[in-house]
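So, here's a batch of structures to check.
Each of the next two complexes has chain A plus one more chain, namely chain B in the first and chain C in the second.
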Partner chain A sequence: MVNLLTRFRRYAPLLILAPILAGTAIAYAQTFKTQIYDPDTRKWYNYDQNRAMKYYRKHGQTPGDFQRQVVTFRTAEKPGTIIIDGDKHFLYYVLPNFQAIRYGIGVGRDGFGWAGIVEVGRKAEWPTWTPPPEMVARDPNAAKYAGGMPGGPENPLGARAMYLYVGGQDSIYRIHGTHQPWTIGLNISSGCIRMVNDDVIDLYSRVEVGARVIVLMQGAALYKGV
Partner chain B sequence: MATRMICKSVVAAGIAGFMATVSNAAEEKIVIGVPAWPSAEVTANIISMTLEDKFGAKPELVQRGTLTILNQVGEDTIQIHPEVWLPNLETAMARLEAADATVHLSPKGVDAAQNICASRETLDQTGVGSVADLSKPEIAAQFDSDGDGKGEIWIGAPSWSSTAIEKVRAHSYGYDQTMTLLEMPEDVAMAAVDVAASLGRPIVFYCYAPHHVFKLHDVVKLEEPAYDAAKWKLADSNEDANWIENSMAATAWDHSHFHVGYSASVKKMPEIAGFLDSISFNADDIVDMSYAVEVERISPEEVARSWIEANSDRIGEWTK
Partner chain C sequence: MVQLKSGYAAVAVGLMALGLGACTASKPEPTVRSAGTTAPADLQLLCASEASTRFGANRDTILPVSSSQEGANRYRVDLTMAGEKAVCVISDTGIVESLQKA
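And now, the complex of A and B:
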C-alpha cells in the first residue's frame, strides 16, 4: 500500500495533466489534429494549447514532477554527464555521490526518434534562431526571420542553447529554453529538447563543452497528427 | 667446480633461450584486439603491458567487434583476443576450424553467466517472473515506452556475439512478437537501467556476469528452464539468410566462460603462448575491473597498471 501511495504521489501531477487533455478530447474531438501520448495511461490525448496555457497560468509553474530537483541517481556515468529520457520527459544532470539534478523537458514533435551518445559541442546565451527553409516557406511570421531572429524573450530558443554534436559535427538537435513553459512535459511544437528558461540557465551554468549526452532508446517520438 | 660449470652453462643456455624469445617477440608483430566492454579493455592492456615488460614485445592495441577480432586471429592479422566468450562464439570457432584457421584458447577460463535481468521491483510491478512471461502481451505491454503496445527490451550491443543469440532466444520464446528488441551501446542501456531505478519504473534487459551492474543496482535474473542442448541449435548467420528462423534457443544459456584466444604465429612463440595459457582471472577480478572503468571512471590503461602492481606475484607465476 505504501508503495502504491508513493507511486500515486510520484505521478499525481501527470494524472492531473492528463484529464485536462482528455476532457478536451471528449468536448472537441473532431476539431483536434494534434495528439500526445501519455505513457502512464498508454493512451493518446488530443492536445489543446489553450487549456495547457490556462493550466500553467493557474498554477504558475510546471507540474511538480517537472520542476528542477535533486534525485538519487545511482549510475556509472561520471558527474557532468547528461541523460535524456524523452519518454518520461526528464533530463538528468549527473552529480557526484549518486545524485542527479532532474529537470522537466518538452520534446519536439519530431521527437527524439533516435538514441545514442552525443556531446555538447557548443553553447550560446540568448541564441539567434533561424527558422528552417520549409518553415519560412509555409509561415509568413517565420519568413520575417529568414535571416535569423536575434536572441530575446520572444525567441523560441529561449535564454540558452546547447548544441549537440555527433562525431565532432553539429547535429540538428539542441537543448534550449522556451518562452512557452506550458509545453514542458509534452511532445509538442517544433524544436528539440526544451526547458523552462530558469532551468536552461541553471543547466547551462553547469554543463561544459564536451559533456557527454546520452539519449535513451525509450525516447522515441510520441507524437502524431501533424 | 664441475658442478658450478654445469650450473653456469645451464644459466647461460637459459639466458640465451630467453634472449632468443625476447628478440623473437620484439621482431614479431603482435596486435591485440580490444572488444567494446570494460573488462576486456583492461585485460587487453594487462596482456599488452606484460608482453612489453617481460618479453620485450611492442604490442599494438586495436578496437574491433568481438567477431571481427576472432576472425582476424584466425587469419593471424590480429594475434590476441583477450576475452573469447563461449558458447557465444562456438559457431564462429567451428567455422574457423573447418577453414584451418585455428584459434588457440587458453585452458583456464573465467566462469560467466548470461541472462535476462530485471530490477527487483519490476517483478512486483508487472508480475513478470520468467523469460517466457515476456511473450504474454499483457506482461510485455507494461514495458511499452513508445505507445505501440509492445514492450522494449535491450538485447545487447550490435557488435556483440551474444546479441545475435538473444535474437534467436526472443524468437524461440516468442517475445520477438510482443517486445521491440533494442540493440544499443551498453552505456545507453545501462543509463536506461539507472533512470528506471531512479524513477522506480519497470525494466528488463540482457545482462551478463561478472558485471558491475550487480554492484550498482538491485538486479535479479528472470527464471527459465535449465540449459538443454537438444533445444539449442544455432545456424550460422554468415551462411544462412534465415538463420533466426532456422535456429532455436528456448532454454537458459549453457554455462558460459571466456578465455584468451591467440593465433598460430603466437603458438610458435612458446614463452608467450605459455604466458597466455597461464592467465587465470577470477570473477572478482573482472567485476572490480568493470566497476573501476565504468563507475570510478578510471581509464582501462590505468586500471591495468594498478592491477599489475597489486598482482605482481600472479604475473610472476604466469610468466615464469
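And now, the complex of A and C:
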C-alpha cells in the first residue's frame, strides 16, 4: 500500500498531463546520472547532490562542460530551436552555420523524466512560483506559498521561466532558473529543466515565443502526436 | 659573453615554454560524462530528419527514443514515428548509413 502511494505521488504530475496529451504514450525514464572526473585520482565518480554541492562550494561554478559555450551542432533544425539532451544534461540553442550554444541543465529525477516535442508558449521574468497541490499537502514550507511565491532570488524558478506548451496548452513543464546552481548536472526536478540564472537570462534573451523545443531522453516517452 | 649566455638561456626557456604550451594546447579532457552512452543529440536528430524525408512523415511525429554506440565510429538510433518504429545507423561524421522501419 505504501508502495502504491509512493508510486502515485511520483507519477501524479504526469497523470495530470494525461488529459492534455490525449492519445499520447507515457512511460517513465530511468535517467542516466552524471559522472565527474577527478584528475588527482584519475577516476570517474558519480556526481550526486553531495559531490555537486562540494564542487560548487570549492569552485564557485559548475564543472567546465556545464558552462555556457558555443559548439558544433550538425542539425537540420532551424536557428532558434531548443534541443534538450536529458541524458547528458545539456540544452542546445541552435545557431546558424551548424553551431549551437550549449548550456548545462538539471532534469527530472527518476520517474519524472520525459521526452517529446513542445514549444515555448510564454516567457516570464522573475516568475511567480506556485507549488503544486500535492507539494502543498506534504511540505509545510511549500504550503506557505500555496497562493504563489513572488519572484526573487529565493524563488525556485529563478530569474526567468519559459513555459512549455503542447497543442496550445501549458504542459506544466518549464525551462527556468534556479536558486540552487549546484544542481546543474543532476536528476533532481519534477520534470522541469533548470539552468543557472546567468544562463537562463541569456537563453531567455534569445528565445522567441513559439520556438520549437525537442526533448530527448533515453527510455522516456511522452510525445505529442506520436 | 655573460649577456650572450643569458640570451641563449632566455631563448631556451622560451622554446621550452612553447613546447609545454604545445603539449597542453590539445583538446581539453571532458570534466563530466553521462553514466550511459547515447548518440550525440545532433546525430539523433539527423536520423529523425532523414526519416521524415525518406518516409514522408510529419517531423512533429518523429522522435529518437533511444540510442547506443555500435563499434568505434557509429551509433544506432531508435526512432518512433506516428506509432511506427524505425532504426537508423549513423556514423560519427553524420552520414546515415542505414535507415529502415522496424
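The working rule: the second predicted complex is superposed on the first by the 159 of 226 C-alpha atoms of A that agree within 3 Å, B and C clash if a C-alpha of one lies under 4 Å from a C-alpha of the other, contacts with A are read in each partner's own complex, and residues count from 1 in each chain.
One rule holds in what follows: a residue touches a chain if its C-beta (ideal position, glycine included) is under 8 Å from a C-beta of that chain, and two chains touch if they have at least 3 such contacts.
None of the values given here were measured: they were computed from a predicted structure.
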Just chain B (first), just chain C (second), both, or neither: which does A:137 touch?
neither
Is A:78 in contact with chain B, with chain C, with both, or with neither (first, second, both, neither)?
first
Would you sort A:214 into first (chain B), second (chain C), both or neither based on which partner it touches?
both
Partner chain(s) touched by A:117 [first = chain B, second = chain C, both, neither]
both
Which partner does A:66 reach: the first (chain B), the second (chain C), both, or neither?
second
Of the two partner chains, chain B (first) and chain C (second), which one does A:89 touch, if any: first, second, both, or neither?
second
Residue overlap on chain A between the chain B contact set and the chain C contact set?
37, 44, 73-77, 83, 85, 87-88, 90, 92, 100, 115-117, 214, 216, 218, 220-221
Residues of chain B touching chain A in their complex?
124, 141, 144-147, 149, 152, 154, 182, 184-185, 187-192, 194-195, 197-201, 212, 216-217, 294-295, 297
Tell me, which parts of chain A touch chain B in their complex?
3, 6-7, 10, 37, 39, 42, 44, 71-78, 83, 85, 87-88, 90, 92, 100, 102, 115-117, 214-218, 220-222
If we count contacts the way the header does, which residues on chain C are in touch with chain A in the complex?
28-36, 38, 40-46, 49, 58, 60-67, 80-83, 94
The chain A residues in contact with chain C across the complex are 32-37, 44, 46-47, 63-66, 73-77, 83, 85, 87-90, 92, 100, 115-117, 185, 214, 216, 218-221, 223-226
